[in-house]
Amino acid sequence: MPRPVPLDEAIATHVHDGDTVALEGFTHLIPFAAAHEIARQGRRHLKLVRMTPDVVYDQLIGLGVADELIFSYGGNPGVGSLHRLRDAVEKHWPHKVVVHEHSHAGLANAYVAGAGRLPFAVLRGYRGTDLEQQSDIISRVTCPFTGEELAAVRAVNPDVTVIHAQLADRAGNVMLWGLTGVQREAVLAADRAIVTVEEIVDEFPERTGAVILPEWVLKAVSVVPNGAWPSYALGYSTRDNDFYQQWDAVSRDRGAFLAWAKENGLEAAADA
Amino acid sequence: MPENWNSADMMNVAAARELHDGNVCLVGVGPPNLAANLARHTHAPDCRLVYESGAIDAKPRRLPLSIGDDDLAATATSVVSVPEMFNYWVGAGRIDVGFLGAAQIDKFGNINTTVIGDHDNPKTRLPGAGGAPEIAANAGRVIVIVKQSTRTFVEKVDFVTSVGYGPTGRERQAPGAGPTLVITDHGVLEPDPETNELTMTRLHPGVTVEQARAATGWDLKFAADIQSVPEPTETELDMLRRLRAREVIDA
Amino acid sequence: MPRPVPLDEAIATHVHDGDTVALEGFTHLIPFAAAHEIARQGRRHLKLVRMTPDVVYDQLIGLGVADELIFSYGGNPGVGSLHRLRDAVEKHWPHKVVVHEHSHAGLANAYVAGAGRLPFAVLRGYRGTDLEQQSDIISRVTCPFTGEELAAVRAVNPDVTVIHAQLADRAGNVMLWGLTGVQREAVLAADRAIVTVEEIVDEFPERTGAVILPEWVLKAVSVVPNGAWPSYALGYSTRDNDFYQQWDAVSRDRGAFLAWAKENGLEAAADA
Amino acid sequence: MPENWNSADMMNVAAARELHDGNVCLVGVGPPNLAANLARHTHAPDCRLVYESGAIDAKPRRLPLSIGDDDLAATATSVVSVPEMFNYWVGAGRIDVGFLGAAQIDKFGNINTTVIGDHDNPKTRLPGAGGAPEIAANAGRVIVIVKQSTRTFVEKVDFVTSVGYGPTGRERQAPGAGPTLVITDHGVLEPDPETNELTMTRLHPGVTVEQARAATGWDLKFAADIQSVPEPTETELDMLRRLRAREVIDA
């Protein structure tokens, strides 16, 4: 791992057009700043992966960054719809986005398989649902010992995974805590991993439930204080619930959305 | 209907009452979140709230807005990763009660939260599955909380996101008991012990059989000994208001 | 979970003749005191499960407690053989012990499957080894997406799992840290779980890497300070490497072993 | 052989030299533990030691006696569970170098650490597999450290615990490169690039071709350009002594 690099350099070096990109963080620690940098650099044709697309992917989809989406719950948590996601799927604006959808258990296990470099994972679920019609990502296997039939999901191995964390140390090891979601698996499943952090410290504190990722599984670390806003970083910020609620109005209307993009220096990306 | 509560209040109160001390409850966003916290702050202080974001035994001091609020991790006995949550806790059958919502539900308790219309070219794109399919399959009891209307209570769901009792009510193979209760703004439905067809067994105060029938997209059956749900108590309504106002409440 | 109970009561209530019993702890936090209590109470015909049988199962096997053993590495770490295990397998003293053996990856995943109440787990391993001859516990599955053939292991679900941990709180929740091995999975795979702890505290401290088990997945907690000796509990004791080295001489000789059993009040159990 | 070192020292030193800065090395008990820590305290201070007990980037201040010594967790960058270690780290191919021991090894690098004799009625019950089968399958390079004798270097192993190149040298299907080096007290063997048959490519100082042949249970082949292993340096021997004495050493 190199010394910390600026975020624009990390994204320019590691995120390419057409890549499969996972930005993970389950409500907590969502890497919004990195997402905006990806849009600002005009990346196109991405296959985006995220359990909960959330406002972060609603923005990227509206900005025309994604051609495909792998996900498991596409709502604005506690608020309602993701209107940009809906507009892309229902009306193909700014263009059509093809969805591949899992349950949470399914996508979590797809990352688990990816982190272990296994081609698939087994779980108790899916049976009898119409999600099984997506036979390229959801299938069945039979237990060789009991004959029981179980669900199987195809592994997810992103080209790039991006996460936000609280801390890096001087060597570039990364520490995150609180709700750590599926970030460990998403990082270890990826070919390349980028982490934005709140700050760099000499030594990690004691933290129950912390995940520590050694520097040698990461490609880049960038210091981006508040890089999860309007999501949050436990110990540094709280979730900006107002922004999430206000997003509903912004995202409902294409014009309002484009105005938001312009105000935030993301208009070049919104080329629809 | 009296002036100090409405049908949404009644729905949440009725759901909360189904949760008992000692129950391990998987809590999702929306009404389940309200109902579970209402139960914990009234009759079931020792029910155990599990959030799919990873918080086990969360004791939020005020109603969380999302299932990832910082208060959940801060007050939980243990915080686990999302894969562990789904594999070792939900999938392993450690959840006694799972609350689910629905955009559509059919008479055999099969649930759609994915799309209205065709999957690849939907009329309405809904949020999708989330934790529901595995909660529906593996929780000991599944309680569906949903407002009753001909738009939601349909003969056939457009997409089966979570399996209740299967297309004809006889296909359920999962470990849990399935949707044992559907709690609506009209009353409570339960699967018929023989056929698994959702049957109205209780009505909320002031709701008539005719109203419930009119709000259902299939020929709704009613239990012979249909009961009336006791109306919300002052204690329940007061706590409901405080939770909605996001007051800090000591457990 | 009841209030803490004496260890003898916990064992008497939850460990029965013929049970499948896992005592876990990977070098660290091995529940020796509980093992001795099981022997002292004269349990018989146990099917013992442990990744590393270690001195703790060498003792139980020599005392005649076990009929079968599921394991993955049966040595005295850093010292050499487990002579009581060898004597039972090679010479059937005090009686024959049937072994079912895995690799570490295999047995770890068998616990993972058990904790998730899945009948089997998939891993990259075993292929081409003679371990595959144990077709009742090791088999193969084919990936439904790629056609790749992978190893499968049958789930392990002990009747009882016993572990040692540093702390319990007043509610009976348990916290362990340091090398936490496969204990989380072994506890969650079991029908009943017993934990011995160093002490009870009002509130858990912050500890990176700690595992916390809620009281409602445990059947009994017993306070047994130094209950892992001659293994250790990080923060409370260090590994008694001298005992492990001295065990070599004690265990080599049936007479020396029986004398050790008598000295430690375990002679009633050594009925061979 | 000189007076200040013996063949066991040479074997450990030769193994240590194969580990380079940046290599991620899975360390087991015994000679691998000594070799890996020797490398870290001499020419490869930035090699990364991973112990299957869960310690990643352990920097033990003195030689650990077991792979579960408290110093490993205390000095590691990260400590993970045993399932995670085998699934996300070993099985996923994140280990560059795996050191293995052997009770028996055949000419195609297949290893037995399970039993001498029949599995169900063994003459000698050995410790068993441990982490070896998956290290053998998935590590980038596998280095076997074993004393050479007709008892250990056999035509056919009694039990295949870990696969090298398979029964005829052509059956390997695993992701890693397999046993690329076998380091003994006599010298170093490498698989023939064509046949994968273990071939002696280097001899330790003072060891003859005849001695190596006599210590091998098959008709041992030697490389045409067989090399001599440089003898241990004073620095290497000094550190080896300090590690064996379990001195506290600053990295």
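Letters are used for the chains, namely A, B, C and D, taken in the order the chains are written, and counting of residues starts over at 1 for each.
To be clear about the criterion, contacts are C-beta pairs under 8 Å (C-beta built on N, C-alpha and C of every residue); 3 or more make two chains touch, one makes a residue touch a chain.
Labels paired with UniProt names: A, C = CoA transferase subunit A; B, D = CoA-transferase subunit beta.
Just so it is clear, the structure is predicted and the values come from calculations on it, not from any experiment.
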item: Selected interface, C-D versus B-C, where C-beta contact pairs are more numerous; value: C-D
item: Whole-Å gap between the CA centroids of chain B (CoA-transferase subunit beta) and chain C (CoA transferase subunit A); value: 40
item: Distance between chain centroids, defined by C-alpha means - chain A (CoA transferase subunit A), chain B (CoA-transferase subunit beta) (Å); value: 28
item: Shared interface positions of chain C (CoA transferase subunit A), touching two or more other chains; value: 112, 116-118, 123-124, 184-185, 209, 212
item: Touching two or more other chains - residues of chain D (CoA-transferase subunit beta); value: 78, 87, 91, 175
item: Which pairs of chains touch, using the document's own definition; value: A-B, A-C, A-D, B-C, C-D
item: Residue ranges of chain C (CoA transferase subunit A) touching chain D (CoA-transferase subunit beta) (in the complex, touch as defined); value: 26-28, 51, 71-75, 77-78, 81-82, 85-86, 89-90, 101-106, 108-109, 111-112, 123-131, 133, 178-182, 184-185, 209, 211, 232, 234, 238-239, 241, 244
item: For the chain C (CoA transferase subunit A) and chain B (CoA-transferase subunit beta) complex, residues of the former touching the latter; value: 112, 115-118, 171, 173, 184-185, 188, 212-214, 216-217
item: Residues of chain D (CoA-transferase subunit beta) that touch chain C (CoA transferase subunit A) when the two form their complex; value: 29-30, 52-55, 65-70, 72-74, 78-79, 81-83, 85-87, 90-91, 114, 119, 122-125, 127-134, 137-138, 159-163, 166, 171-175
item: Touching residues (chain side chain D (CoA-transferase subunit beta), partner chain A (CoA transferase subunit A)) in the complex; value: 22, 24, 48, 56-57, 77-78, 87-88, 91-94, 175
item: Parts of chain C (CoA transferase subunit A) lying in touch with chain A (CoA transferase subunit A), wherever the complex brings them together; value: 116-124, 136-137, 139-146, 148, 150, 152, 154, 204-210, 212
